[in-house]
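The following pair of complexes shares a single chain, chain A, combined with chain B in the former and chain C in the latter.
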Partner chain A sequence: MTRMSATRGLCMRTMMELDQSCSVLREYGSEQSLLSKPDGSSTFVQGDTSILAGVYGPAEVKVSKEIYDRATVEVLIQPKMGLPGVRERAREQCVRETCEAALLLTLHPRSSVTVVLQVIHDDGSLLSCCLNAACMALMDAGLPMSHLFCGVTCAISKEGQIIIDPTARQEKECRALLTFAIDSAECNVLISSTTGSFSVQELQQCIAISQKASEQIFQFYRDSVKRRYSKIQ
Partner chain B sequence: MDTIHACFKEKIGEVLLPGDVFSFRLPESGDGSIKSEKIICGPGLRRNGEEVRVCKSGILRHKQPNMYWIDSQQRRYVPAKGESVIGIVTTKSGDVFKVDVGGSEQASLSYLAFEGATKRNRPNVQVGDLVYGQFTIANKDMEPELVCIDSCGRANGMGVFGADGLLFKVSLGLVRRLLAPQSEIIKDLEKIFPFELVVGMNGRVWVKAKTVQQTLIVTNLLETSENMTSQQRQTLFKRVAEGSL
Partner chain C sequence: MAAGFKTAEPLEYHRSFLKENCRPDGRELGEFRPTTLNTSSISTADGSALVKIGNTTVICGIKAELTVPPSDAPNRGYIVPNVDLPPLCSSKFRPGPPGEQAQAASQFIADVIESSDLINMEELCIEKSKLCWVLYCDIMCLDYDGNLLDACIIVLLAALKNAQLPEVTINKETDLAEADIQKKKPLKIHRHPVGSSFAVFDDSVILVDPTAEEESLSTALLTVVTDEEDRLCAVHKPGGTSLSGEKLQHCINRAITRNKEIRKLVDKVTESTKTAK
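Coming up: the complex of A and B.
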């Protein structure tokens, strides 16, 4: 498993020092092509949050879901226990829309791309971990993509402090929780999912921090793919 | 030095990710004449205006004089014209067979597309049979179409095969390595014991050796050689040949 520490020393996370506060992601790791049946698979671990992703596609599609000029994307999130509910459906939609934006779906019309995300453990920042695992699995499946994407979660605490990649406990105590999907080409925001109340200024700050953090994650993608291809001359 | 080639050349053999861009300005020489340069972009590269974008993760490869493509380790097959594949016959309906080739859609195979087949003399093909065939039609908008004859009407190795033996799936990257002329994996494997091998571009491999045990050995060696360096592979094969495994 490739694992790389993203913690570059604990620094003062004050509101003013934006540059310093951004580089504190939890430790993250990933593994690709670990399942034998799916066309692409990956795990993504952020701190104690862990997701297993499998991608099937381009595969046959039901006639009712067939789209004549592009592939149908389906995302399924399986919770750790029990059946998927409304919360999972909301996450599924976020991940699906992000995948649709990144994939070149017109190259495989009348087919389906299915992404299955199994939650192994939830310790905060679940949606961003889902996005990262999905991106890695799509890359592993070799589906044509115009750019990569990653997810970053920010929490704003009651004191107005911005915490990046929060744990479940930090999420519970915070005033607002914001998750962004960011693309690798121009660092634009693809989707945002927010809860709680925050000011416009705080939103801008969170986006800036997430964009900064995304660079680290994209570099990590590159390193882990390099490692995967290291045995092939 | 020409500009387009220069920006590709420094990346040959490197791992690239989707979203990586090769941007180039069309060279403007002083007298106003545009010097035309051509490059051929293979799988994984797409032209987008004044830039070439990478759309698959993998290693950038180059072939003289001007071909570039991305070599990726994917599992799912996407039919391409002219490629030879192993298919499984799933249904017989009228004058075509439906063949599963591992793509997003089943390919059709006419009963007349076999050597010596006429309207009177139908080929003996049953559901579940393995066929080795070539794509004559394969594009994203149409149903792929297979044939088991070449342009002269000869079988040329194609047709129904595989009375016994074992069919299994490997990644498309490994298949391309096996099919490359002078493939090292095949050369190493030949030294252990004789066997028959059919490799389809769709990731399906069929093996038959003298005994079931030998068939399974070849299968396992091929599957494990996927994630090995050539040195690791050679030591493993040597141990198998000596009979210590």
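Coming up: the complex of A and C.
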């Protein structure tokens, strides 16, 4: 029996996006168990960026891809238009390696865990929204994980301001774009994917800001799971 | 006996070396393998280079073609990098369409070219909205022994420095492009990005310039690309276990020293080809 549960993040951007230095995340929300066929599914919405994730696993794996002592993780990212290209492959590699580090793969040898992400709308911060949607879908599927992870994107504007969770327009106008995945156990950096050039101090500042923002997102994960499971009694 | 132990328990084999702060091939933890560079390896290409980092061998050929610039950037040319990992270089690559590692590497090189402002794309434009250069950079790995991304960046930089493009003028009457093959100019390279790759072992030890074995046993991989002004062009960590702030800082410092070493190497090779001519 699927149970729909929707929770909205309580954080809103109160200032005009383009003018001020934004260290506030856009309004985010998530919905779980919305698809009937996948073992776990979720959507994650950050502002206007929306991703739908489905997880199948642990399931049968092709003999050519099986690993004798761990599960095989596959990630597929489908863009809104066209066929997946080289850019999607690079994103898939990032999401796959994060999932491999977070999941307890040795509990399911010779099986496969498939995460399929569909881009519904892209308005900036795409990779971090993919990571958040993947994490919520893995939680919904009930796969054992050693820690949770979340994605945060920072943009450094031409004047040197750091904007968190940028929109597509802010991403185009910025000088550098940094995406980090933070883990919930020790708040360390799991993934770093950057474009543009920046100094070492800016990197450290972005990491610190992302770690702070990740605390909000992890609190949101906890609240949404608490709200969902408190109804089953 | 050591060979048997290495096959049966590769992780323990490597750990026993790390306890003594060295690695199976005799290197220190922070030591890069000897790097050699050769340019003008391919005579039919407009620019080419071959680099060897230890056993990892990567070759790059650049072909320049004339084309109409894209409509959303009418005054800029463009560079199309492509990384190919043929079955020749390692038994883990099968023939067929490019796998995930090759595609992710191609995307990474394209991002580094854009982030580091390697070449001013507007210099590749010959006439706005009508004609521009497109540089097809084909990077092929001939022998895969780890640390692919560093080698790709070095070989691309060396090949671009080696490339010579003919002067092109547009004939006013016929409106056709005329390339003067006798007059060739080298490309102007603005920045010199150099990458350094690290492997994290057991969440605690950081190895510089991992070999293929060390990469497969590592728990995380990290590549840091810096340019000559000590600015970071890319911090690429595609997953794996987490890394603390000071370890990351340590890697960045190592990457900055490596940048100086490689730049000296590339300059030396470019100088030697110029004097040889």
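Throughout what follows, the second predicted complex is superposed on the first by the 210 of 233 C-alpha atoms of A that agree within 3 Å, B and C clash if a C-alpha of one lies under 4 Å from a C-alpha of the other, contacts with A are read in each partner's own complex, and residues count from 1 in each chain.
As a working rule, contacts are C-beta pairs under 8 Å (C-beta built on N, C-alpha and C of every residue); 3 or more make two chains touch, one makes a residue touch a chain.
As the structure is a computational prediction, the values presented were derived from the model and not from experiment.
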Contacts of A:Met145 with chain B and chain C, given as first, second, both or neither: first
Partner chain in contact with A:Gln219 - chain B first, chain C second, else both or neither: neither
First (chain B), second (chain C), both or neither touched by A:Asp39: first
Contacts of A:Tyr229 with chain B and chain C, given as first, second, both or neither: first
Chain B versus chain C as contact partner of A:His108, first or second or both or neither: first
Shared chain A surface residues [contacts with chain B and with chain C]: 183
Chain A-touching residues of chain B, taken from the complex the two chains share: 15, 17-19, 21, 44, 46, 53, 55-59, 71-76, 78, 103-105, 140-141, 173, 227-230
Residues of chain A touching chain B in the complex: 33, 38-40, 56-61, 102, 104, 107-112, 139-148, 183-185, 221-222, 225-226, 228-229, 231-233
For the chain A and chain C complex, residues of the former touching the latter: 86-87, 89-90, 92-98, 100-101, 176, 178, 181, 183, 186, 188-200, 203-204, 207
Parts of chain C lying in touch with chain A, wherever the complex brings them together: 100-101, 103-104, 106-108, 110-111, 114-117, 219-220, 222, 227, 230-245, 248-249, 252
